[in-house]
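In the two complexes below, subunit A is the common chain; its partner is subunit B in one and subunit C in the other.
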Partner chain A sequence: MSDVGASGGSPLLAVRSLTKLFGSFAACNGIDLDIQPGETHALLGENGAGKSTLVKMLFGVLAPTSGEILWKGEPVRIASPGAARRLGIGMVFQHFSLFEALTVAENIALSLPPGISLSRVADEAATLSRAYGLPLDPKAHVADLSVGERQRIEIVRALLQNPELIILDEPTSVLTPQEADRLFETLAKLKAEGRSVLYISHRLEEVQRICDRATVLRHGKVTGACDPRRETPASLARMMVGSDVAAVSAAGTTVKGDVLLEANHLNAAARTPFAVSLKDICLKVRAGEVLAIAGVAGNGQGELFDALSGEFPVSDARAVSIRGKAAGNLGITARRLMGAGFVPEERHGHAAVPALPLSDNLVLARNQSDRKTFLAGGILGIIRNAVVRIASRRISETMDVRKSGEDPAAGSLSGGNLQKYIVGRELDRQPAVLIVNQPTWGVDAGAASRIRQALVDLAKAGSAVLVISQDLDEIFEVATEIAVISDGRLSNAYPAQDMTREKIGLLMGGMHGSETSPEAAHAH
Partner chain B sequence: MRIELEKRANPSTLFSILSPFLALVLTVIAGGIMFALIGKDPVSALYSFFVEPLLDVWSLHEIAIKAAPLILIGAGLSICYRSNNWNVGAEGQFIAGAIAGSIVPVVFHDWHSPLVLPLMLIFGMIGGALYAAVPAFLKAHMNTNEILTSLMLVYIAQLFLDWLVRGPWRSPDAYNFPVTRDFAPEAILPELVSSGRANLGFLLAIVAAVALWIMMRYTLKGFEITVLGQSERAGRFAGFSSKRMIWFSLLLSGALAGLAGISEVSGVIGKLQPIISPGYGFTAIIVAFLGRLSPLGVIAAGLFLALTYVGGEAVQLTLSVSDKVTRVFQGLLLFFVLSCDTLIQYKIRLVFSRLTRSSEGGAQ
Partner chain C sequence: MGMLEAILLTVITAATPLVLASIGELVTERTGVLNLGVEGMMVMGAALAFSATQLTGSPYLGILAGIAGGALFSLLFGFLTLTLVANQVATGLALTILGLGVSGQIGEPYAGMSGAKLQPIEIPVLAEIPFIGPLLFRQDIIFYLSIAIVAGVNWFLFRTRAGLKVRAIGDNHASAHALGIHVIRTRYLAVMFGGACAGLAGAQLSLVYTPQWVENMSAGRGWIALALVVFASWRPWRVLLGGYLFGAVSISQLHAQAFGIGIPSQFLSALPYAATVVVLILISHNRRTTLINTPASLGKPFVPDR
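Let's look at the complex of A and B:
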């Protein structure tokens, strides 16, 4: 590698009109990108802008349809991740590829050439992790580690190859604010050594904080290259989205009504070995309130949603109450009939069946709650397609769902438009209680602001809204009360105006309630 | 040059209609090649296999007789498969229905009443459903694979029937042949029209298929089947229970297979004997897929597969080839149907090696 001397000023990696077609769809369309030695370069863009496709081509996971990749000025073809590593490119994926049952050292050894003894791997990993401020115990089992620690394994694994360019795909999406800070220190060390970093994110604040230059993608094309420190978050957002994004207007009402949703010492055992058990969860949501539950992914959010929605009821009826009535042991249909609506995290295959048209997906969520309207023929249960289609059109219009055709398959809509439909499907009922898990996950900024506004408006109209989210910006936009979930335990809820990112970060790390954090409890 | 399968953005409507016909054409071509390889004139062989049976009334009746069980079983299986439950033991449920339905005319042969036939049909359905309840219970509560359990139960049913007609149910006046006593006239399914042997079973099959089509097309139950078949999680979100669906789909397909079994015994054979089915329960799997898992499609597919039975018998007589040729055609047909279905979701692209350096690398 070193024999190809970097001629002064020439970029370490250059990409020339790189294009990737999936069928007729251009995920990346004529991308140009230069990464200088020793710079931290941000790749900005919304979900679906083509960021992941681009880096997968750089790392040899996907083959480009056309275009050139130049490494130190030489055209190269990167046929596999192995070839990318040999060139000097390391990558940390958003989704980790680790074996939970193996130790840290064993996982690292798997990515190295065979024949290196495990103790040597462990030594080197320990040395590296100390040098870069990434504390890791090589003998620990991955299953016992936090998400932040798992990410460190991936980073150490990449560093062992001594790469000149490290690609990080959305590294902070699973980290607490404190863990993210530690990651930024590591990145600063890498930069000081002259290594280049390609940092993929849609979080403007961190990009401004750590990156020297930014390339912005939209719809598979480069829409801007800039110094993020000279831009404002608003100007960066405009480059990402292509237009100004409406701000969500302030949340909630001052008058609080009755408790409409309550969890009372809710416990649920883990259903699978890798699921989280719910431990003694207590929460109350009043009419007019938006309670937001923050937390790093995989801390019991999905399990909490399952227990509150009744998809997996618990045995104790009084563990969950909806509008004052015990509902813990009732299924999702019964809870809907009590006035609750639900929006799960996963759109495809949970909230909606992708192959079925939108109108069928309306029947999916409301076949019993709107039985009188949507069904005829008594016990035969004949679906009144005309009525369902009218309701479906009404929802699409209210939520501004953009779609091709009158009643397309749910899977053909973009993530944002489908999510607007799924949320609109519940809002259309005016539910007294709405429980939403990750309302804007993978949704473009325009749709996200629309959805958040709709949640706030529903609370203002007198419903109780529970939002489970990993996105702190979203939480501060919509919440009147904030609680934090960590390892299946829920903290006390605090008024949103008293909460800060730092406080949430501490709670995410598992500092619960009055016994560990007295000052936080006093703040209530 | 390489052949690439590329996923279509949307399933192709053209190919979802065309695929069964394409499969038919390919089956006929492959069949022609097979006849040529064994030294028979492919054109006349295919003619006597596929065309001659359609030309006289006798063989049209035979087609209706053989189509009836195929349509009954195939319609039930199409619902079952739509719900993502894979009952492959319809042959066993067919036999169980035949045995249960025969209790009345064999054990209570002295009882003569117009109620005999309806009771037989009901018993047949119950017998088939109960036999399908075994894999349903095992799947719903023990998490076993219904493909294995339902298939293994087929052999148990076959051997049980064999034992029954050789042992306790053997007719006292059949000179030790392994058959039961002949059914009394009121236990025989009446003929449909006076011109031939086709019986009421064919009508039952058409009515059942149309009823199931209406259920799938218009009712919430049909919607539930579709949703649970595509995504169990979405079904749970909708308030549907996948466990109840396992019971529903297996009992329904079992009951229809049982009805087919007792109809065959009552309308065609007139008694129980060791072998009562030329593999209808297995052929119905092909019928269900050839009919695109739609009960109406199953009617057409059932008639066509019945033609392969009758055509197989015809070439056996005229060209003296083995009747295994029927099985070969049925196998070819299933193979081609399943492969042509790929074209609904994918399109085929020929990729010729390209010249530019980077894209050549990309083609690795």
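Let's look at the complex of A and C:
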């Protein structure tokens, strides 16, 4: 691969007015893009900007409607992922295309050309993963691996084909700062070998750190090409969103009031072999506070949310208190009636039923906690459609939910808009306590900023807000206090201004003595 | 031939069609397709095998007719569910009902005739082993095939690349498609393999088990075969184990009656199903085992986005 960098000037991959229509909707509209040999090229854009559609066409998953793809100057038709791989294009998907029931080696073998024995695949994968600092056990079942380890499989799988261009789709969204650093080291190695990288992200800071050039997409069109290191996050965001992204303002002193949410030596056993048990969790959130809980995925965030929301109550009633009243053994409806609101992590299937319209989703969530508002006819529980419609419209307007039609199915909204609706659905009740798990996971910059501002505003209005998040940028934007969860244990909460990324990183891994060593800490 | 040997021989005869139909359905389900039409494909195989044998005088041509009939009939299921993306459960049930009807028409002219029984093939030397020899090595070709197919499927699924692709499609068809594996084509082949095996199982019924044609002669064995796949938690060797267990139970009910043991026959007939329920409870208890063995895309339609 060492000769790849030498072909000066002519791009490795060029895209000329590439268009993809779904019906009459242009997901990609006349895209031009050049990727030079050996460069790390960022593809920036909000959700729905056409980034995924574009890379799917480059990787042969989708067929373009019109336009041209040139590989080393030659026009090519990439009919399938196999064809893309034969050209020398590798891809690491955002939603991993891994098979949980198969082993690591089997997963890798599936994407290799036929005729290689499974044991050789296992050996090569182990060697390669060590060489790039991504240790893997080839015999492990994917179902047993963490998200970070799964990503390693994807990367090793792509690398085994010796690609000249590697496409990475939002690779750091699931990683700790330390894991992300390790990934950046791997990317630097690839670049040093003369390979090109197409790096898709909406994390501007990362793009500025590792990318040589950036192409920005909005509404399926290229809206800018730049050297990200010469831009500011604000100018990049402006290119992505088309207008200035409102910075979340936590300004204005808030008066801290009574403790509205408290966990007092909360313990919960793991419910499944993959779950984490909660160990002696203590936390207090006062009125006016936003307590953010940082942590790497799979360290008990989901379990903590379940215990605090009452999806899975605990036996000790005093382990959780809402507005001073013991609530540990109560279910979610009882806790909502005490003035709490909850937004779970999973939008589809947990916070919303994708196939049902927004108004039905509103009734489903609040028919018990706001029974008198939405239901008539006593025990008959007849839905007051007019009231529901008005409430649904109010939520959409307040949160700026962009949707097709008056009351579309929840699943037809983009992730960001649906999340705005779900958060708005809870805020509409003016909850005294709001508990949110990963509020802006996979949400575009504009929607994320809107949601974060809403959380900050709610706290300023005198509610207690608990945010569980893996996104450190988000945590620093919204939090007044920060704690870190690791292996089901919660650290002390520290005032946000006293916390640094390094400190959070150490708390994430260091508390139970594995994962991280101090020297691996983020140099930021 | 001793008493025990005679009983075991009937157990083998009863178990073979169950093993065959199950191993075919296992491969189909491993690709994520749930074909509830096993009963229909089986009875089609039985009718075609018997009538072809009557017409040609050769039970081997009858076997071929049964296999081809089952495979062609399953192709109808494949076209409806894979190409037209019809609901798999409804289509499977329709296939069973259609198969029972059409097979009645095909077999009608031959009803009541006694057919040529498939003759055992004796394997030299091995057949001379006392006790085991006559049981396992003086059998008809379909028995030998049933064992070979189970072994072959096990080898195919866990030792070959094509088998790995089959398991991958069953686990996650979208990812498999993204990797460039031909999901629909593989599923067609798997459905037809399932049909061929069910047809062979039917041929065993009308050429070996009871060498004649009786309407609805599959008598629910297709459903037991479906339950067996779950019982085996999609593992080929366990199909063999389960098939013989269920075969033994269904034979024991006959012997129990002969010996005048006072267990109601309905209770014994229900045993295979009760056993399946118990197994389902046991395997669902351990989520990890379920996750690793159950084809996660089972019954879900796949439409490639293009």
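Observations on the model:
Going forward, the second predicted complex is superposed on the first by the 424 of 524 C-alpha atoms of A that agree within 3 Å, B and C clash if a C-alpha of one lies under 4 Å from a C-alpha of the other, contacts with A are read in each partner's own complex, and residues count from 1 in each chain.
The working rule: a residue touches a chain if its C-beta (ideal position, glycine included) is under 8 Å from a C-beta of that chain, and two chains touch if they have at least 3 such contacts.
Note that the structure is predicted; figures quoted are calculated from it, not measured.
By the touch criterion stated above, A:63 is placed in contact with subunit B and with subunit C alike.
A count of residues in subunit A touched by subunit B and by subunit C gives the higher number to B.
In the superposition on chain A, contact of A:110 is made with subunit C only, not with subunit B.
By the touch criterion stated above, A:315 is placed in contact with neither subunit B nor subunit C. Of the two partner chains placed by superposition, A:497 touches none, neither subunit B nor subunit C.
Of the two partner chains, subunit C is the only one that A:82 touches; subunit B does not reach it. Of the two partner chains placed by superposition, only subunit C is touched by A:143; subunit B is not.
Shared contact residues on subunit A (touching subunit B in one structure, subunit C in the other): 63, 80. Subunit A meets subunit C in the complex at residues 60-63, 80-83, 85, 93, 96-102, 106, 109-111, 114, 141, 143-144, 272-274. The touching residues of subunit C, counted against subunit A in their complex, run 161, 164-165, 167-168, 170-172, 174-176, 178-181, 287-288, 291-296, 305-306. Only residues 23-25, 63-69, 75, 77-80, 309, 311, 331-333, 336, 342, 344, 346, 349-353, 355-356, 360, 363-365, 367-368, 375, 377, 380-383, 409, 412 of subunit A touch subunit B when the two sit together in their complex.
Of all residues in subunit B, those touching subunit A in their complex are 6-10, 218-221, 223, 226-227, 230-231, 233-234, 236-239, 356-364.
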